[in-house]
Structures are given as structure tokens and as C-alpha cells.
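Right, I'll just put the structure down here and ask away after.
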């Protein structure tokens, strides 16, 4: 800030505020503007270089999407299988993670003795075990579901326990004294308490589940999505590869959005 | 020339035309002469802190202007103004002594004097034994005392104090109030002070500005004609209780108004 | 905490570890599980000894560790710089924080084939992939750290007349550093896992490649020997990182 002469302050200050007000509205515009600018520059640069680089321009990706990826029944089937795998792995991870989390977090002894073991497994890069999953479950969806689940389950367990750790034990005692069943305590005392932490876990779990499934899909290059990405990469065919990855990205964004919607819906129902 | 001059200041928070726009201050004007102690009294939420933030250069008023020694305030003026915030603003990652060190470095005090100056300031609020403590290890009241000591250690001509005694017990408030009055008699600092305590306001101030409920306007000015330093006995005089009652009468209606608005 | 309440968890953990080992023995002895999937513990130990003595062990470890280190340095520097620059303006923060967090919520593994396409099958592709994946948590936490510094402390510092650098050094950095450290830690382990994963999926060298290769060649004991190395490395690194973090927090 510089110091203009006395007397101008009355005009200066409101002007600065108005600019600030416009800025706040402009953040989304700036975000999208930047993204669109990047896309346009990308397109221009790709055309400039004669369209023969490894980075396909956005229009070529769109064309490949419409002419190569979407009409291909096999690719469509592989994408649907991937969505099914993610959904199944996520469902198992959430249900299993919640049950394990409640079981481990139920007592202080459980938390003190078993939680470190959970954290131990969480800290290991599970990708080291990826070949083992394929050895054990084959190259079909089972291995991918299992691997996705093994990634997605930990955030749920950890956040369920973290949520339970902060419960006021008096509430549980009070509920017990009132004769509420164990299931009732979970439903009316524990669950409302841990929802915040739990939903943070659910969001992270979705990302991790997708990570696990995609890792396994890419690892198995003889079938599914990994087969097609390997094909496009080996033949140096960037446009369909970019297009296929764009579809997967859109799926990932949609799955994340669904978790958020569910969270909002659940919290409104509760509230 | 006035040390602080507030001219037709109005301020609103939020964007114009938005539902959450709040008018905090409306057309406030007053001057503070050099060496004067002025207290702002007003119902909670009437814009007292907002006003101090403007004088401190942290906020530009929506309308009007603030001047210090005749120049407009556009940014904090660390050489001229020290600001003691409503809540402690000691840096939690530094010990009490390190917190003072940062201030003294900014004030260009030679390093060799840091320790003595810090201890002197801490002693004035009875906290000399806690130089090595982190703010988290202290109680709220202790933190506030140190916060106050840090403000005074800035050694500027103008002090802005936003409820510096709020978290203290009544006895400590009175003792620190007396000390502040003594300091005033000694150094002739200009102080703009905010408090909710009527006794504190009357005991310390040369002039009391009573603000209305939000949006704050200057509803009345009460002068206290008693030289500094003021002895504790001043609180026993009939002048004192009369002034105190006068302020209370002025405030009571505003507080009822503010509460009625909150209910509606 | 009393002595007994600390003793019980340790006892239970020891029991579980011992039980797991025992189960491993029994299951492999009984022949219920194919040795292709789970070889006997002694076979794994022998394979491990042979592996560490072999000529290919240290080169593979070296390749992977160099890639991880390079990827992490890139990720950390880029993430810190980006986070710092974005938080210089509230507008930029509001515009790009959702973008960074949105991209990080997508499994970036999706883009791995692109890295192979652009950088080839060598370590460059794993380096770039690890660096990009590790960039996001660092950038995200740097943004969070700097964007949520207590406004009043910044105001107080300005009123005291702290210089721009002083504000950074004495207020912004100490306030943001716990969150930034978390980002640096998460970023490191993401780099670690990404490089290993990239090597397992498509590579010609490194630990991940060797795990995948042993699986392909049906040498399970050797694969487990490599996995043991990864688990050990993860544990050592976790301990190391938390020590470093504690050291920093204390100073």
C-alpha cells in the first residue's frame, strides 16, 4: 500500500473494497478460465507441432472418444466391469471397515492393542502385494475387487476408530443404564458421534478403492482396461489412450460426487 | 492537532446488496487530544473493535476517514501506534521472552537491552517469572497481562486497547488500572480504550464515548475531570458514582435495544 | 497410564504376531494352500538370504531408491512453491484450492499409461509419475497451512511493524509448518508407493519390477523375500520420518 495525499482516502478505500468484492465472485471464473486457456494452448501447440507428438490435442481426443472408445463394445464392457468392481470393493470396504472399526474401537484395550496393528498395515505400501492378489484371485474381477477393498478399508477403519475415541463414555454408560441394546447404542449413541469422522473416511476410502482397482486393472495387461491402455501405449496411439483415460477420470469424478451427495443426504436426514 | 481524529466514519461488513451485509458503525466522529485517555463504551457487537481496527490501520472504513497526527491512516503505523487486541495475540510457537524479542527487534532496540526491557515489562504486570513459558502453559488472564505488557513495551505515543482486562479478576483489574493511570501521569501517552466495565471506564478516562447499539453511533460523551494519576480513593467519591450511574443510564436503553433486536 | 494397562496391549500384539507366524507354519505344512501362493516361512528366509547376497539386489534397490528420492525432491519443491504462490492471494486460493483437492481425489494412477507413453518404460516415467502424485498432498497442505493462519496474529504482527520477511519467518511459517509437515510426510509415502507401483505395472528395473517378475516366473519365495524388504523399508522410513518430524517440532 502506498500513501496517497490526505483527502483521497474517502474515495480510495471504497474503491479497493469493490475490487475485492468482484474478486471473490471471480474465483470460479478464474479457475475455469485457466483450465480452458490450458486446453486452447494445448490444442494450438499440438497443431503447431504438426499433430504428430505423443500428446494428443483436445479435439483429437474428443474425436477418438466418439469414434473409437464409445462405439467399441469391448471397451464399454471393460469400463462397466471397472465400475462394478469399484462399487463392490467400496461396499465391502465400507461395511467391513465399519464393523472392524467398531469392534477394535469398542473397548480401550482393543484400541490400545489392535489399532497399532491396523496402522502398521496401513503404513505398508500395499502395491507390493499386488502380484499376490492376482496369484490368489486370478486375473478376473475378484482380484481387482479384493485389491481395491484392501486399499479402501483402511481409511474407514481408522476414521471409525478415531471418531469413537472421542466419544464421551458417559453417554454409553447412560445408554446402558437405560437398558438400550448394544445395537441401539451403536445406532443412537455411537453412530451420530462418529458421522463426521466417518464421512471423511468414506471420501478418502472412495479415492483409495478406485486407486486399488485401477492399479490392479493396469497390472493385469491381458484383460480389461489394462489390456487396452497397454495396446494404445504400445502402438503409440495417444488419442484413444487419452480418451479412455478421460472416460475413467469422468467416472472417478462421478463416483466422488456420489459419495459427497450421499454424505449431504445422510447429514440432512439426520439433522 | 488531535492525536487521533475520526471523521464521519461508517462501516459495513459483507457485500453491498447481500442479505448478510451488516452495518457496524454509522457516522462516527470524534477527536482524541495528545495525552488524553478516551474510553469507548457500548453494547456488545456495536462496532468497538471495528473502530479500533480502523484507527490501527487494519481496516479501511466504508465511508469517512481516520487520521493520526493529521495524516490519514492507510496501514498499521508501528512507530506511532501500539495495539493490544481483545484476545491475546502472543505467538503460540514462541516463549514469552521470544515474543518480546520480536517486538523489540522491530522497535530497533539493541539486542543487549532486550532482556532487561522484557523483564521490566513483565514485572509491571507481575509476570516476571514466566519469561521462559509458552503461551499455552499460561492461564487466559496471565496471557492477557503479558499481552498488555507487550503493548506498553512498544513504547509508542498512541495505545489502542481492546478490553485488555476482560479476562482478569476484579482485583487484578483494579490494580492494573491504577498502574495504567500512573503510567499515564508519567508518560502522557494517548490511549483509546475499550471496556465493558463502567467503573474501569470512569476510573481511567478523561472522556467516555458511549456508543449506541449496532450500528454504532456516538450517543453521548461523558467527561471525567480528575487529573492522573488517580488514587484508588477516587472510586469512593460521589463524583465517581454519579458518573458511573450516568454512563449506566445511557447504556441501559441501548443494551435493551440490542437484545430486543437479537430476539426479533 | 498404569503398568498393567500398558502391558496388556503389548501382550496381545505379541500374541497376534506369534499366532500369525504359527498359522503360516501350520498352513504351509498341512499342504492346504498351494506353495505357489504361500511358501513356507523357511523357504522365504532362505530366498531372502540368497536375494540379499545376489548381485542384482543392491542395483535394484539403488534404482528404486534413487527414483523415489528424485521424485520426492521434485514433488516437495514444486508443491511447496505452488502452495506458497497460490496463497499469496485469496483469489488464487479460492480459485485453485478446489482444483488441487479435486484432482487429488481422483486416483492419479489413471494417468500412469500416459507417463509410459510420454517417458517410456525406463525409470523416467516412474520418476515423473511419483513426482506428480506426491506433488498434490504437499501443495494441498501448503495451501491449507498458509491460508488458515490466524488472522489476528497476522494483524498483531503488522501492528508491531514486522517486515514482510519477518512476517513469513516469525508468523506464517511457524503457523503453517505443522500442516505442511503432514503434507510432506504423506507426499513422501505416496512417492514411495507410486514408484513401487509404477515399477510393478510397467518397468524394466527396480524393486517393484522384481516383485512382479518373480510372480510371473512363479518364484513365490523370491517374491516374498522382496515383499519383506519393502515392508521393512516402509517401517524404517515411517520411524525415520516421525523422528525427523519430532526433532523439527521440538526445535
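Every chain is named by a letter (A, B and C) in the order it is written, and numbering of its residues begins at 1.
Here is the rule we use: a residue touches a chain if its C-beta (ideal position, glycine included) is under 8 Å from a C-beta of that chain, and two chains touch if they have at least 3 such contacts.
Note that the structure is a prediction, hence the values are computed from the model and not measured.
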item: Farthest-lying chain, centroid of Cα atoms versus that of chain A; value: B
item: Between A-C and B-C, the pair joined by more C-beta contacts; value: A-C
item: Distance from the mean Cα position of chain B to that of chain A, given in whole angstrom; value: 49
item: Distance from chain C to chain B - Cα centre to Cα centre, in angstrom; value: 50
item: Chain A-chain C separation of Cα centroids, rounded to whole Å; value: 18
item: Numbers and ranges of chain C residues touching at least 2 other chains; value: none
item: Overlap residues in chain A, where contacts from two or more other chains coincide; value: 24
item: Sequence positions of chain B contacting 2 or more other chains; value: 75
item: Of all residues in chain A, those that touch chain C in their complex; value: 23-24, 26-28, 30-31, 34-35, 54-55, 108-109, 112-114, 116-117, 120, 123-132, 134-136, 203, 206-208, 210-211, 214-215, 218-219, 229-230, 232-233, 236, 238, 241-242, 245, 248-249, 252-253, 256
item: Chain C - residues contacting chain A, complex; value: 5, 8-13, 16, 36-37, 90-92, 94-96, 98-99, 102, 104-107, 109-114, 116-118, 189, 192-193, 196-197, 200-202, 208, 211-212, 214-216, 220, 223, 226-227, 230-231, 234-235, 238
item: Interface residues, chain C side, partner chain B - complex; value: 152-153, 155-162, 166, 170-171, 174-175
item: Residue ranges of chain B touching chain C (in the complex, touch as defined); value: 53, 56-58, 75-76, 78-79, 81-83, 85, 87, 89, 91, 93-94, 102-103, 105-107, 154
